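Same chain, two partners: chain A is paired with chain B first, then with chain C.
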Partner chain A sequence: MKTSLRWSLFFFLTPVLLWLFLLIVLPHIDLLIMSFRMDTDDGKTIWTLSNYLNFFHEPIYWLTFVRTAVYSIIVTLLTLVITFPLAFYITKVVGLRFQGFFMTIILMPFWVSELVRVYGWMILLRESGVINHFLLKFGLLRHPVEMLYHDSTMIMGLVYTSMLFMVVPLISVLESLDDGLIEAAYDLGANMWHILFKIIIPHAVPGIVSGCIVVFMLTLGNYLTPNLMGGKNSLWFTEQIYNEFIASFNWNQGAAFGFLLLVLSSLVIWAGLKMSGQKLSQVVQ
Partner chain B sequence: MNKKILLILLVLATFTVVSVASAAQPLRLLTWKGYAHKELIDKFTKQTGIEVRVTYTNNEEMIAKLRATRGAGFDLAQPSQDRISSVQKKYHIYQPMDYSKIKTGEFIASMLAAVKKNTLVDGKSYAVPFCWGTSGLVVNKKMAPDAKDYTDLLNKKYAGRISYRLKRPTLIALAFALGDNPFAKYSDAAAYKALMEKVGAAMIKAKPLVKNYWTNGDALLQSMRSGEVWVAMAWDGGGWKLHKENPDIDFVAPKSGALGWIDTFALPAKSKNVAGAYKWINFVMQPENAAIFTNLEKYATASKGAIDKVDPAVKANFKRCFPKTAVDNIKWYPPVPARLEAIEGKILDKVKAAR
Partner chain C sequence: MQIALSVQNVIKKFGDFTAVDNVSFEVPDGGFFSILGPSGCGKTTLLRMISGFIEPSAGRIEIRGRDMAGLSPNKRPVNLIFQNLALFPMMSVAENVAFGLQRRREKKEVIEQKVAEILARVGLPGFGEKKIHQLSGGQKQRVAIARCLVLEPAVLLLDEPLGALDLKLREQMKVELKKLQAQVGTTFVYITHDQSEALVMSDKVAVMNSGRFEQIDTPPNLYNNPKTPFVARFVGDNNTWSGRIIACTQEGPGEIVAEIETAEGERFRVRSTDRFAPGAGVDLFLRPESMLIEPDADIADLNRFQVVVKSILFDGANSRLLANPLTADTELLIALPQNRQYDYIQPGDKIAIGWHAQAGICFPKV
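On to the complex of A and B.
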């Protein structure tokens, strides 16, 4: 009995382990080695730390990273503020019958790829686009306005892209909140804000934190939306990595940036967990 | 009962193996958008029975893709002639061309010789020319009648109506427009870096005037069509496509010289269908097929006989935009030495990050 169990475990685990090792661990080791190598001017390859030092010496690199991280945090907070009432409405206010319906509506845009969604936004917002067309037609504007290629447009696009990943954990955590607690609080004379900050939010913290982690990571690692909607001002850190690999042929530098992104974003998340007093093991459950 | 099923399965399995083996190996082509039209592919498949699978890309991604696999995954690639020799020296991603398998008589002799010379590595050449064209300005002449040179990409008069790519041709073009010769400084990395920094500073200063940095040719054509952009740096073929739809828009060979490029055919090192690749090259370079391509994309090819079969309207494009002086002034890209890309990449990042 015991040996057969072990065999079946081995049997089912092998593909997963192979997958993890061959497709994730091995390439990362290769990249890590690459990030410590450099081609010298006379064509030799040497061990060096200069790829990492470059990041700190060149203001353009770390400034881009800081910018990306700050914008990602803004996007995460905005997404939370927008989706929290939505999640509360879906779980507590509408009847059970409509819950599925609302979830489907939220899911619907995610049935098409991110690229298509971004292009959809671009058609709406561009100078000769749909929104400008109607604003001109109704006389609200005299000249068309370029709505694309601003930081605010980019943030809007990123929030839109990441909403789903915040809604789902929030809904699951709010569903476990006993309605009786809210009713009891009302009976005892608490007002809406008290209930929100003393009962609902403390209960929802694990969902909030896990949603925030997912959204932050997705936004930080996004390439398409900043590039297409942000336009000329939107140097995102991922784009910098892409440029190092593709335009400059400097894979060593690109690999170093990749690992810096991994380390620095982990630090941001660690700081976030510390501040909210949560443990990663609880949050990812 | 069980044996019967087994037998059926066995027969089925044999069939699939046989059918896989007998179907011709497909030709995996790594090329630019518009370089392998459905019309040509269908004709080729009909003639040879070889299926063509096309992947669209650009020079930089082409090199990165082939470098990642050490030259595997594709059977034929179409890099620009100036981006072959240094890449080949460093990464060994191509294999030498066997010119005896190519009907070299179909090619314009001088162009073939130039490409052979520019792609020469250790005594072997790595490419044959396919098509050529120039980068210059595409201008909406009704809105910007005076745009004549790359410097108009930095001109306040066209604020918010300017678009160009954040890629090396823009740097090279602006360097020429600022009165310098970047090609002469290719061999001197320090001088080249100083020049590029000067160009980068000019671009950063003029950044508020730019509408966007285009990355996709179709998207640029769309914004020129809708009047969102008046002055753009782009390829002549794109400008001529727009000219056909709207005579106000046309390609302009800039005063400091249009940048001439030649895109080629090169064989990736681990090409699995070399025979098919040579067949495709010979097929596309037949005058009538090359003319089909030119009529659709407006780019001239290296096929000698094609010029007689090209539509008069397409032929007129070149005559209209390139008087004798402009032709003589075309700056042809010499082979790019290694390591220049890193210098350019940093400048381009700085421009993009600037406020």
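On to the complex of A and C.
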């Protein structure tokens, strides 16, 4: 009995462990080593901290880094503010019959790839795009306006991309909220805001935190949307990493940046968990 | 006495369906009023209209003489105890109880004092710091009651709050709830489908059926003088026996005695609700506990007949005999007192049954 249990555990766990080790741990160890090495001019490879020091010496690097962090947090909060009422509406206001329908509508955009979605936005927003065309036609604008390549456009695109990952945990946590609690609070004299802040949000905290973690990590590591919608003025840290690996062919520098990004996301998530008083093990459930 | 709650001709329609149909009643201050009815009879809808979650389609609800039309639940001087209690699991017991007081922006010291007082009153002193999930079913019950009572509502509404408890605890809470109500003097409006809860606790009970009140009366009156066949069937147990009127006589003011003949040819004298014409079809309602087994021959004024015992349904104090009259298949339940006097009765035995004319009642056949 005991040996067979151990055998089945081993059997089912092996693929996961192999996958984790070969595809995640091993490459990261290699990247970590790489980030502390540098090719000198005479062709030798030496141990060095210069890859990390470069980051602090060049303002463009750490400014992009801070920008990416701040914008990711803004995107996360915006996504939360937009999707919370949506999730509440789907779970508590519309009947059970329409819940599936609404979920499908939210899922629908994710049936096409992110690339196609971003190009969709570009067709709408660019100078010769659909929106400009109609604005000109109805005489609301005299000259077409470039709506792409602004930070705000990029944030909108990132929020749009992230919405699903926020709405799913929110819906599942709000579904578990007993309607009776809302009614009881209402009956005891609470108004809408009391109910929201005393009952609904405290109940939804685990869902909010897990949604925020996912959205924040996805946004921080997103490459496509900032690159295509933000244009050249809106640098994202992933673009710096890409540039080091592909354009400059400086893998050591790129590896160092990659690790800095990892540290950044871990730090922000840790701070977020501390602030909301949640434990990671509860949130990922 | 001041009227705490007055409901006047209230109607609630959902589309074509009338959930509450022209209901009127008044509850005096400090009264314990129960609404008793089977599930789906509209009692919860009525309660939700009083608490403000639903607006009536027509009619008027007044609390302490103030019209409640258009007032939302958070503005009404009533509080509702939910069927599942709806305690806030994210808060401690004290925070739950303080919730309503905080909404009224009372001072912190006042809140603390009131919370401690009410917790002591419901028998949970020092439970303030506990989490809701640490409490037992009965304790949760009390916290829910404390959470409402601390707000000193004009009327406390209770929506089958004992439904989730097990039998023993329910019996105990019934008595406690009644005692608590007498102590605090708050007006209670209690809805339930459990007749024993309604009968034990209430000053007055309204029996509700498909949206209408069948009868509003004191518990003994509901039991002894049901006004409709539904009340006769729903409150307590009753055997139904169909028969035909032979004659009706007026024996006093409001006291009519009918002589009836059942389908099997048994002749009884029984209290009647009206003066029926001879030959009219009636239903005779006879409670299991109003039938005497093998009555002494010298007791006057008894209706007597013979039955054959089919089986003995043993249920402790609530044991019954299932029996047929000699000539027919009508099934009768007869209370079997567990005082060892009737231990000799076996299935198949032929026994004599007697009952007093005032113990049964007949209604026109529907």
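As a working rule, the second predicted complex is superposed on the first by the 285 of 285 C-alpha atoms of A that agree within 3 Å, B and C clash if a C-alpha of one lies under 4 Å from a C-alpha of the other, contacts with A are read in each partner's own complex, and residues count from 1 in each chain.
The working rule: contacts are C-beta pairs under 8 Å (C-beta built on N, C-alpha and C of every residue); 3 or more make two chains touch, one makes a residue touch a chain.
Everything numeric here is computed off the predicted structure, so don't read it as measured data.
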{"item": "Joint occupancy of chain A by chain B and chain C, clash or fit", "value": "fit"}
{"item": "Centroid geometry (CA): angle chain B/chain A/chain C, rounded to a multiple of 10 degrees", "value": "150"}
{"item": "Which superposed partner A:185 touches (first chain B, second chain C, both, neither)", "value": "second"}
{"item": "Chain B versus chain C, judged by how many residues of chain A each one touches", "value": "B"}
{"item": "Which superposed partner A:77 touches (first chain B, second chain C, both, neither)", "value": "neither"}
{"item": "Partner chain(s) touched by A:248 [first = chain B, second = chain C, both, neither]", "value": "first"}
{"item": "Partner chain in contact with A:124 - chain B first, chain C second, else both or neither", "value": "neither"}
{"item": "First (chain B), second (chain C), both or neither touched by A:235", "value": "first"}
{"item": "Chain B versus chain C as contact partner of A:164, first or second or both or neither", "value": "neither"}
{"item": "After superposition on chain A, the shortest CA separation from chain B to chain C (Å)", "value": "47"}
{"item": "Residue ranges of chain A in contact with chain C within the complex", "value": "178, 180-181, 183-191, 194, 198-199, 202-203"}
{"item": "Of chain C, residues touching chain A in the complex", "value": "51-53, 72-75, 79-80, 82-84, 86-90, 99-100, 103-104, 147-148, 151"}
{"item": "Sites on chain B touched by chain A in the complex", "value": "60-61, 63-64, 67, 160, 167, 207, 210-213, 215, 223, 226-228, 339, 341-342, 344-346, 348-350, 352-353, 355"}
{"item": "Residues on chain A engaged by chain B in the complex (per definition of touch)", "value": "41, 58, 60, 63-64, 126-128, 146, 148-149, 227, 231-235, 239-240, 243-250"}
